[in-house]
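Letters are used for the chains, namely A, B and C, taken in the order the chains are written, and counting of residues starts over at 1 for each.
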């Protein structure tokens, strides 16, 4: 078990370094000098040099990478070109909108998909199964930002149950903040819940065909007992894979959905930074999101070992 | 008073008839053997008793277990019966257990489902059941997972699950088919002992006459959903009346007629061959481990000879085959074919390779399903410098197909249009098409039903004498090896432990391992003529 | 062929797909109204006989815009899937052929790395460097598709490499590359076709999302995602602006998914396990 953990941990670290190199090199390609861009055309050469020094733009490629990546490790994301404030502070505020939104959506998606998938699989071939499958077929096909717009139209503009957008901040209290995130989270969760329901159902149907389910039935277990005690946990293995992938879709999707609801999250920060050519912010946000994805994959690997004794190895 | 009585049972699945008017009986403490080839309905009869049938199945007739009418029981009633009154053991021990639960939990579950006892009490009784199935606690603690056990050990877990509540009836559906001969003998002994101890009735289902004949008190022979013959085992073999059962018995012990004597010149010489596998225990940065699959093996095959190679799974047979075929390089020793090395300068010697071909076990996995037969069987032409084209090619295809008893027109068909036996003929045609000297038959008849197997063995014998072929016949089945080989090698853990003329080795085995193999092999009853 | 018409998913899927690809094709030669001409007098008209889907804030016909937008969506998604297949399938075949070796390790670790970048992040990075365009969307979605196809191909190929017919081909002296082409590729083709339709539909969704946030198609190129972005501020005033482009995306994606499901069942029922 320890061996498996260390191996996955090493792979996590390697992925992080590789991803950081890719991001760093991609944004190094950008033509032009941020310092010159910031100071305008009439800047003096010595002011430019001083600013470059301040922004960490001096030195060779390798030096710049090492100082950037070293900074990341201690939480120093550098200084914004536009606002001259630490990037870490800018991201910090926004993260507390995007991350709760993604987690909220993940929770909704899982809470809907597990029961729905199990329900459909246990009633395979019935009208109830067909209805669940039909709804998920629509859910997979619907663009989440359009679904969000429709919900705004119905629940915010017509029924006035929710506000059409904006975020009161966590200081306004837990429930008002969660309420502001509810429509966005539903919009994000619907397509993912549909996919997860379908995966859960088909994985469960495959498992129900396994020999050990027949063995369990021969012991005297009812269909339901065999399903709950033997099939569900075995069916979880492919579901976990999808769940891990979904988190990255949810994070990325959050960036789009924030636009619909005017939420002050990482997504809006990225788009503002792109138009202001504040590349260090773009770089940091992308790195942060990739880090989150890699971390979730690590968590999924650990969950595999928890579910499947074959991965834990001999004790 | 019979324990299980099946009267005029008929079964249809989605309207397709599977069983037709089947009747049989099992008495307490007695063993009923049910024999049949694939598609005979023997397994479906067993599943009918537990009412564990696929969707769309409809039963008619009567099944009574100690006076209870099973077909009229509710689902809840059936659940109360399964596992408590009737236990069941399945064919495939590798997949019959839940991989995510410990063996203790899985055996205890039988008890917990049927009785209101505490978990620890159930675990105690699970330990007891495992002990009775010869899995003692000190070596196989309850906390083991299935993947930590071998196939034979897993089958013992399944048996422990089935007998944990001392049921009145045990149904075993091909319980030893997936196991090696020695393991098979141990499992059969175990079943026999449990029947005697508990006074259970046992319904033992098998395709193998010899397995059942050794054990059963009563016999039923099935064919295409019907019972063709039944009665007490001792008398039945002496008085088989139905032509099918006679044919089945004949085919099981079939000895093909072979002519021609092998020359004295060696065709293939294997000298002191060593094959090591290096593995990495934990990914590519882990410790390197070494496993010696073939350990100093030497033998030779003479021209025109049929040499048998027997051994249980994992003994190194397949590795040796791959080395002979030049698919993998050996770490030590030398393999010479007609005096020329199979491997030169780390490359397989093409001139030698085109004189050897192989037929594999699996009639279903041996062919690319997207190719037509003529393309499939001409694949070995790739070994020739100038493969025949046009007319020559189609002539070669027709000749190869006709020599194995198929027609030239079969070349235009896809492989799924053929039965298992026909596929093995096509595999043989593929081997014959470049006119090799040596054909390696790697468990080539093991997956076939006995009657089909007898036909393929006849074909092999006929081709061998007609074309002067040399065979290396690899099998775990001593009966088949006896019928078709001149000499035999016995292999264990990468070494040849005994070698000699087939009859002599199998009748008077000298090495303890060979003695064990021969003793474990089930023996056919002698047919009275 | 009979099963084609009996399938509950194949026929509706094929019809929907035909409608939208047909609309895209027709728009190359003819649209009801020219989408480059503004007609301010007729702005924000609800659906009518003259304009079945209404007009937008510049008086352009929404039906015509949707037909032209179909072209953008389909072109972007098709090219992106093409990139994913052309790069991913050979990588997957090579990884499977050299399983456990260095090439396999390198290809699979590379795949893992790309998988850590959702296509939106790739688009963000490309836009930051080169500016926004429809080409960005193609590249971003295409790059994201490479590991999808590489993993699928490798997984399916690995199970095939254990078959005895591969051993038979080796006995016939064939090398890994030839076996991959002659035996492996034809046997994973069905799986690739099915996954291709699914990735195609995901590509259409991704293009719409990217264009919606301004990382994809730029004006004057018509795109469903952009139409939705433009409609957002006017949604209470003229809901039809948001309704029809959204429905177009929904129905196209639905059609492709149904087609994919139907093809999977038609080509090989056993593929069901291999999906996802």
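Criterion: a residue touches a chain if its C-beta (ideal position, glycine included) is under 8 Å from a C-beta of that chain, and two chains touch if they have at least 3 such contacts.
All figures in this text were calculated on a predicted structure; none of them were measured in a lab.
By the document's definition of touch, common neighbours of chain A and chain B comprise C. The chain pair sharing the most C-beta contacts is A-C.
Of all chains, the one whose Cα centroid sits at the greatest distance from that of chain C is B.
Separating the CA-averaged centres of chain A and chain B is a span of 50 Å.
Chain A and chain C, compared by their mean Cα positions, are separated by 21 Å. The mean-CA centres of chain B and chain C are about 47 angstrom from one another, to the nearest whole unit. Shown for chain B are the residues that touch two or more other chains, of which there are none. Those residues of chain B that touch chain C in the shared complex are 284, 325, 327, 348, 350, 353-354, 356-358, 360-362, 365-370, 379-383, 427, 430. For chain C in complex with chain B, the residues that touch the partner chain are 105, 163-165, 167-174, 183, 186-187. Within the complex formed with chain C, the residues of chain A that make contact are 14-15, 18-19, 22-23, 26-27, 29-30, 137-138, 140-146, 149-150, 152-153, 157, 199, 202, 206, 238, 242, 245, 248-249, 251-253, 255-256, 259-260, 267, 270-271, 274, 279, 282, 286, 289-290, 293-294, 297. The touching residues of chain B, when paired with chain A in their complex, are 50, 52, 75-76, 79-84, 87-88, 90, 92, 95-101, 109-110, 113-114, 145, 147-148, 158, 161-162, 282-283. Those residues of chain A that touch chain B in the shared complex are 3, 7, 210-212, 214-222, 225, 229-230, 233-234, 307-310, 314.
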